[in-house]
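Each remark here refers to the structure printed beneath this line.
Lettered A, B, C, D and E in written order, each chain numbered from 1.
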Amino acid sequence: MIEIQIRHQIFTSSGNKFLEVDERISEGSFVHVSGDSGIGKTTFFKVLSGLVVPDFGFIKLNDKILLDTANKIFLPPQKRNISLMFQNYALFPNMTVKQNIAFAQTEKDENIVDELLEKFALKTFENTSPSKLSGGQQQRVALARTLAQNAEIVLLDEPFSAVDIAMRKVMLNELLEFNKNNNSTFFVISHSEEEFESFSTYNLNII
Amino acid sequence: MIEIQIRHQIFTSSGNKFLEVDERISEGSFVHVSGDSGIGKTTFFKVLSGLVVPDFGFIKLNDKILLDTANKIFLPPQKRNISLMFQNYALFPNMTVKQNIAFAQTEKDENIVDELLEKFALKTFENTSPSKLSGGQQQRVALARTLAQNAEIVLLDEPFSAVDIAMRKVMLNELLEFNKNNNSTFFVISHSEEEFESFSTYNLNII
Amino acid sequence: KKKEPNSSEKSTQNSFISVAAAANLRDVLEDLKQIYIKENPDKKVEITFGSSGLLVQQILNGAPFDLFLSADTQFPEKLKSAGKNYGNPKIYAYGKVVLWSLKKNVSKGLDLLQNLEINKIAIANPELAPYGKNTVEALKKSGLYSKIENKIVWAENISQVAQFASTGNADVGFIALSNAKNKEMMRRGNFYELSEKECAPIAQSGIVLKGKSQTEAQDFFDFINSEKANEIWKRYGYQTKISK
Amino acid sequence: MLDQDFIYTLLLTGKLALITTVILILIGIPVAYWLSYSRFKLKFIAETLISMPMVLPPTVMGYYLLVAFSPENAFGDFLQKYCDVRLAFSFQGIVIASIIANLPFMIQPLQNGFSALNDDLRQASYTMGKSKIVTLFKVLIPNIKKSVITGIALTFAHCIGEFGIVIMVGGNIPKETRIASVAIYDQVQALNFEAANRYAFVLFILSFLILLLIYSINRKTNFTTFR
Amino acid sequence: MLDQDFIYTLLLTGKLALITTVILILIGIPVAYWLSYSRFKLKFIAETLISMPMVLPPTVMGYYLLVAFSPENAFGDFLQKYCDVRLAFSFQGIVIASIIANLPFMIQPLQNGFSALNDDLRQASYTMGKSKIVTLFKVLIPNIKKSVITGIALTFAHCIGEFGIVIMVGGNIPKETRIASVAIYDQVQALNFEAANRYAFVLFILSFLILLLIYSINRKTNFTTFR
């Protein structure tokens, strides 16, 4: 069970507003996160992963308290076992595609890296610098890297925005399979609601 | 009439390949550019705007030759009057949202800037640095900036990938209106084909 | 006082004398200059201090100096052979070498150097500084040199020796009597003056250089060598004559 | 506490540092721009050459400049005869010496700044029809502000402290080439340690305040949310 | 063409430059890291202080170090009594002097590099469970390679040429503290121009080659497609 309570002031198009989330989500869920542009979806992810400390927050993953602002508990990002795919990918320019993916692994396993490269049609680029890839290719590397981390909670910030429809299907299936096999919880921000309706087990609409 | 002939070697997932385009497009068209991820759509835009010199290329806009590799004619980007919205936005961090938009104008007109800010729901952020905006907000700034330039040819590289469906409609309508009023030619890369089918006057599928 | 002539005016205004002098002459020359100016209110004297070697470089490359006062006798000869001179080199003073220490009592003389408590002995580089050269010769003559050779630290010039010794980094140092008579050096430590027999005094010569103010420079140089100036030289630890 | 002479000396030092820094910005920006954006294969040789003024002892570097400026020499002679400038022992001379000595301190940070900048910004500006000059001043330079400040601070500070090359080329002429570092050096040489301390203290405090001002321009921190 | 003495001198110079550069990287990286990522409001004061060794003439700076190292002084006395090190006139002493003199040349470029880096990279590495140390060495430093190279080159070059502070602290003891720049300076002082030229030429060429090597690591150009 994942318990999330957040209250954090942000500045949006309609002035100051509170990003408020209060949810209990069972482990292994596939959560579709939606909401208007600028409403605080990315901020929500950054709070979950520990990159932003909210004004008030309580996050509990099973018995582990990740955040409890009232009691000044703050687990740093390194200790949360939550992976995050950045909206702008944040690929490491000093590493090749393959190294980027391998770097994310907590337990090194080259087979898994190869498998991911294969599935996301990145094999040809494995030794290329991510800065030399097209937008969609970079997005696939970022997704593969996030999955390679094999974290308990996986946060994906618009993972399909730059890929074509065929590839999107492939990636989505990959996610679902991963979700099932590893019993990890997925939170996915996406603007194409329809796509997710069929299989998301939970809808989190931020308003 | 816009005449485009390009042949340029690129490196894709399936090895080396030629990006080949040979089209004649009438002015004022709304061209939907599609194609697989990594096929060369962004490269095609960079060739049009003069940021990449192709192995072979001939581009003519009415009577003006923009590029003719055979005769070593190469009009630099500054002289082409083609605006380009970058896939990663390329907003200027040293300028506010408003300054970014105003900078693109060839003829300064603050009213137009204000209008764009209003239409894209950016008014609240006009004095904010783009680095402090959400992904979707940044994308809207980038689009507003590209329109503000009021160029003969407008190239938009996935302009709606990060915004929600409601905002997407607003932006699309804005584009169409602009396209009609200014008789400028639009090339738009997008993965959501359906959205464009109804009103694009031309489909350019890169293979 | 308000309007100082700049370099272009110098050539036209003949009462302006530009002197290049070895750095260790600073205090004594400032004094001599004051007296000279009091007697000749129409004259202007401007002194640039520096290491003799560097000043010679500058003169050889066209520096607009009228008089050069060296810390040795070789450099003025060099200028003469380069044809930069107006007059001939002339010895204006002799310097004496002293053994100086911040903490150790040096009144007993050179024998102290063999003492085990003395670890570092600062001496000016004999290839560059005449004081260093004469010091080394003196130490060799007394037979001490080979015994203390490994304790020596070489400095660029006697000023640096004084800095090494006065900060206590070198236990003792060989400097000029004129250095030792400096107010701050007097306050800090004690010194032993080497007799003429122990160490030959260092002849320092000067030379008037060719130029628009050569006659005025000669006048100032004559003043420096005059009886009247003798007193001042002595006060600052220089001799004007030596026993032959 | 300070004599009039030393105040003149400080003013001269400030003038030298200011002029050198300003001229070096004017030289440094185009050179660094070229080093960053040119596709010339051998530009790492140019980068190396720019650092070379540093490897020679400043006085020795100064000596070579002195020889070059000497009226005994073709170049110095030409300057004196036809342009009526005498570089050795003049303020112009020490400005030139100081520019050469400080070349790497301005150019290196600027070049680093340009190179670290995402090239898309430059390209975006070009597609907006902006010339290279407009792009340089409105887009590139404002985005490497930190590098510009580093370049200014390093050049300024080094200009204040480095006197070897200046003393060699300029001698030590009051109000013309006698800068504060030379005056302090003189006092130390003459074993007037108290005067040297006093001068050094004043120079130190003044430089500290000026550098503080330069760096404080840059103060705002970029990392607001993340702890 | 070169006497044995000068070869020893060159070797000693190389040793000093190498040791200084290595130690300064070890000091510079954590300091620059702190300056870039700390949210301490007054860190611009620290930035200013780091530049301060530059504003005092090197010889004068050296004089103050002599005072600090003196056995008459608490610090120097402590070192001599309890650690049996005497800093003045020793190789250790000139290494320390040289580190202080070169502090800004290493730290400033590194700090610039860190600051220019997109902070997302650091954050991404943290969410992957990587510690700050791993992030520093695997993500941050490799991405500011250009800044590291600039820092190394500036430090190295300045270390070769700057002798004022070294000579002051170390004297001029063959094989112990006599570095090449001092030897050249001495030759110029003694008006041995030919020897000075010969030495300077050799030093210049060797430094040029080393710097060329350092800069060539950085050679690959980032702008391939755009003309």
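Following the convention adopted for this analysis, a residue touches a chain if its C-beta (ideal position, glycine included) is under 8 Å from a C-beta of that chain, and two chains touch if they have at least 3 such contacts.
These numbers were taken from a predicted model, which means no experiment stands behind them.
By the residue-number overlap criterion, the interface of chain D with chain E counts as same, with over half of its numbers used by both chains. Ranking every chain by how far its Cα centroid lies from the centroid of chain B, the top place goes to C. In this assembly, the C-alpha centroid of chain B lies 44 Å from the C-alpha centroid of chain D. For this pair, chain D with chain E, the centres built from the Cα atoms lie 19 Å apart.
The centroid of the Cα atoms in chain B and the matching centroid in chain E are 49 Å apart.
Those residues of chain C in touch with two or more other chains are numbered 54, 57, 163.
Residues of chain E found to touch two or more other chains are 63, 123, 188, 226-227.
Touching of two or more other chains is recorded for residues 51, 88 of chain B.
The touching residues of chain D, when paired with chain C in their complex, are 59, 63, 66-67, 69-72, 76, 86, 88-90, 167-168, 171-176, 186, 188-194. The residues of chain C lying in touch with chain D in their complex are 4, 6-7, 20, 23-24, 26-27, 46, 48-50, 54, 57-58, 61-64, 157, 159, 162-163, 166, 179, 182, 184-185. On the chain A side of its complex with chain E, the touching residues are 49-51, 76-84, 86, 88, 90, 92-95, 103-104, 106, 149, 151. Those residues of chain D that touch chain B in the shared complex are 118, 120-121, 123-131, 138-139, 142-143, 145.
Listed in rising order, the residues of chain E touching chain D in the complex are 37, 39, 41, 44-45, 47-49, 51-52, 54-61, 63-64, 104-105, 108-109, 111-113, 115-117, 119, 123, 144, 146-147, 150, 153-154, 157-158, 160-164, 181-182, 184-185, 188, 196, 200, 203-204, 207-208, 211-212, 215-216, 218-219, 221-223, 226-227.
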